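Okay, so chain A shows up in both of these, paired with chain B first and chain C after.
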Partner chain A sequence: MKVLVVDDSKPIFMMVSQMLKDLGHDAVWAENGQDGVEKVAANPDLELVLLDWNMPVMDGLQFLQKNTSDSFCKAPIVMMTTENKPEKIQEALKNGAVDYIMKPFTADILENKIEMVCD
Partner chain B sequence: MFLEYIVEQGHLTKEQALKAVMEQMESMPSLVRVLLESEKRSSDQLYDLLIEGAKKNCSFFEMLKMKNILSEEELIDFLNKQNLQSKSLGDIFIQSGLLKREQYDQILRDYASVKETYESKLEKAAPVSEAPAVSVAKEEPEAPANEEKVESVTPPSGGGGISAAALESLMAVQDVDPELLAQLEGQTGASEDTSQEEVQENSQENPQENQEDSGSSNHQGHSEEAGGPALSEYLDFYDDSLQSELFVTANRFRLKGKKRDLESLYEYIVKILSLVKINEFSFQVKLLEPYGNMMSHLLNSDSEEPEDWRQCPSDMLELLWEFRKCIAEGRGEAQLLAKAEYKEMYLKNLKTVMSYMKRSA
Partner chain C sequence: MAEPEVYKFFSEYVYKHTGILYKEQDYYRLDARFNTLIKEFDLKDVSELYHLYIQKITPEMHTTLIDLCTNNETYFMRDLKPFKAFAKEGMSYLKEKFPNDLSYNFWSAACSTGQEPLSLLMALDSFGDNFNLDKVRLEASDISSEALKKAQSGVYTGLEVQRGLPANLLIKYFTQEEESWKIDPSLLKRISFKSLNLLTDNFPLTQYHIIFIRNVLIYQDMDNKRKILAKVCDALKPGGLMFMGAGESLIGVDIPMTQKELGKAFCYVKEG
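For the complex of A and B:
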């Protein structure tokens, strides 16, 4: 499965990418929301997007909002976040995210989340 | 029955009668409270019973019977104590200026002469329960006849009707279309015989807060400041993390409609319901009870839930979380419902769940 990881931190991407690889998946990196939009267009076979919240240029919420209006991404979107305030989570869900994953997370947690979302 | 008679005779409108009954119900202490204050049963024992009842989807009253916690004699004694502490309908009618004392006495005398007709009508209309009917109204000691009992109408088991408690919630937040109320009133009989108990769980009024809230005195119900015997347990259990998970699960259920997600939601709703019950957060109880019933119904039936219902758990959770925030800030539930937007949300939620239950029934 091809997974787009949208995060402005390369170390985070490298860590998540390794986890995904260990789980038998391929990772594609986008360093912000705008880059993410382009990577989605370039990779129509994406099956999952892991989306960071705070990023320069276009943040995670803006990415979701753009997707709500343009429907450019058909893959389920999971927010990667450092806080689990219900209001924030709900905002993401209302804008089209399907789940969230708390950073930092382990490969097991990521695996469970992928199963849950892609089931 | 007396209330039916008084409305049919045009002495009161249906709405006035319902409000009076509601006031009477609110003046009645919960059975849990009566038992706790009697010190004959420990808080641990009562807590365990509430939790078990919530898990089994049984009322506290049913659990008392089921577990033989009280002998029938003791139970009747406690129910009498409960009744004695509530206002009589006559007092409510007179104090609220709906009727004059003389007028009321005359109505009672008139009713005594036609009593049998009305009672037989009631028997035909409602199936008789094995459970002892619990009087919602207290007897009027000074009245010429002791007939002003509003007997609880006990439903057939497993009925999917609208609970009286839920109807009362609608009334409590007011601004409800009277036609809707009248329509719903016709459906209240088919709830569990627990509705009586649920209603009794309703608020013990806090005069100070009522005074403060006089500007929005329309809201009734649990108007005390936030707090309860297990407040910290409630706040600790129902925290940010759980709510976020519940939001996600409800959202997934909305998108995919999988029973697995519904089961997970139901499991947590039952736990939260136990905690709001023991804390006597009556508005949350009245919100969660019908949702719990509906979820249980969906999980135990083979039929698919209507797609338009899939949004409901998300909406309910949004409101439930607002209640929780309100409680955490030390405010009572009623203060949340004093705000028009939340009152509307509350009503919308109840209407939705009632509408679903009506359809499924």
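For the complex of A and C:
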């Protein structure tokens, strides 16, 4: 499965990418929301998007809102962020995220979320 | 590394009281537990620990050892499908099979730190067809007093609430308290927790409509598995359902139960 990881931190991408590889998936990196929009267009076979919240240029919430208006991304979007307040989770779900991963997380949490979302 | 007689003594004691088997090749797994016991009782080394235990095992020493040697690995909505099947098809089945029953008795037989019974209630409330939770009598038991203490607190870490629990259910049923998450007390109070040893304690007869006994019998040898499952079967009402863990089955166990497909999951139904 091809997974787009939208996160402005390269170390985070490297870590998530390794976790995904261990689970048998391929990771594509986008370094902010705008880059994410372009990567979605360039990778029609994406099956999942893992989306950070706080990023320059276009943040995760703006990415979700753009998708609500433009429907450019058919793959399910899971928020993956240090924002851990219930109202933030609520806001992300309201704007189209199908699930939410709070950093820090472990590989088994990622595996479990992927199973739930992609089942 | 401890002396062979030390491993033998502790593994036999744990087996006798829990049925959990530490084979010779698993002895190394006891080392970390020995170290915790040495710290707990302020001892010098494994030799002192051994001598303390062979003299007399107080209730406190017993509980500490058993708590350490039980596996509390668990998470919310483990495998998900059984919980959805329980809440939808399971409840439809009970309504049809027990039309005169005003309430249903459920038992989470090895509830560990509470994720399973809470998942059952969340599943009924969220995946069921407007099921009234007042109709549920839910018991939850475990051998580990530490695990039960945590279960009764209803407080979990950020990592624990993320294991298995979709975010929409997290914000529906939990409130954040600093870095922890606390379950809605109105849900927690619906569960009667109790300490119970599946191997040595007696169970009530023909009491339950549904028993969840998942991912606990894998630690037992075949004789103990048969013994426990025979008691579980007796504890179910005729027509009652039993849910086991993914990959667990009744192969080699001769009890009057047959496998039943329920939604996208499998369970066992007691004949009669």
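Observations on the structure shown:
Note that in this section the second predicted complex is superposed on the first by the 119 of 119 C-alpha atoms of A that agree within 3 Å, B and C clash if a C-alpha of one lies under 4 Å from a C-alpha of the other, contacts with A are read in each partner's own complex, and residues count from 1 in each chain.
The rule is short, and it goes like this: contacts are C-beta pairs under 8 Å (C-beta built on N, C-alpha and C of every residue); 3 or more make two chains touch, one makes a residue touch a chain.
The model shown is predicted, which means the values in this text are computed figures rather than measured ones.
Overlaying the two complexes via chain A brings chain B and chain C into a clash. Among chain B and chain C, the chain that touches a larger number of residues in chain A is C. In the superposition on chain A, contact is made by A:I89 with both chain B and chain C. Judged by the touch definition given at the top, the superposed model places A:A42 against neither chain B nor chain C. When the shared chain is aligned, no partner comes close enough to touch A:V57: not chain B, not chain C.
In the superposition on chain A, A:T106 makes contact with chain C only, while chain B stays out of contact range. Chain C is struck by only one stretch of chain B after the chain A overlay, and of the options 185-193, 293-301, 329-337 or 347-355 that stretch is 293-301. Overlap of the chain B and chain C interfaces on chain A: residues 84-86, 89-90, 93, 99-100, 116. Listing the residues of chain B that touch chain A in their complex gives 240-241, 243-244, 247-248, 251-252, 255, 318, 321. For chain C in complex with chain A, the residues that touch the partner chain are 75, 80, 158-159, 162-164, 166-168, 170-171, 174-176. Contacts from chain A toward chain C in the complex involve residues 79, 84-86, 89-90, 92-93, 97, 99-102, 104-106, 108-109, 112-113, 115-116, 119.
Those residues of chain A that touch chain B in the shared complex are 84-86, 89-90, 93, 98-100, 116.
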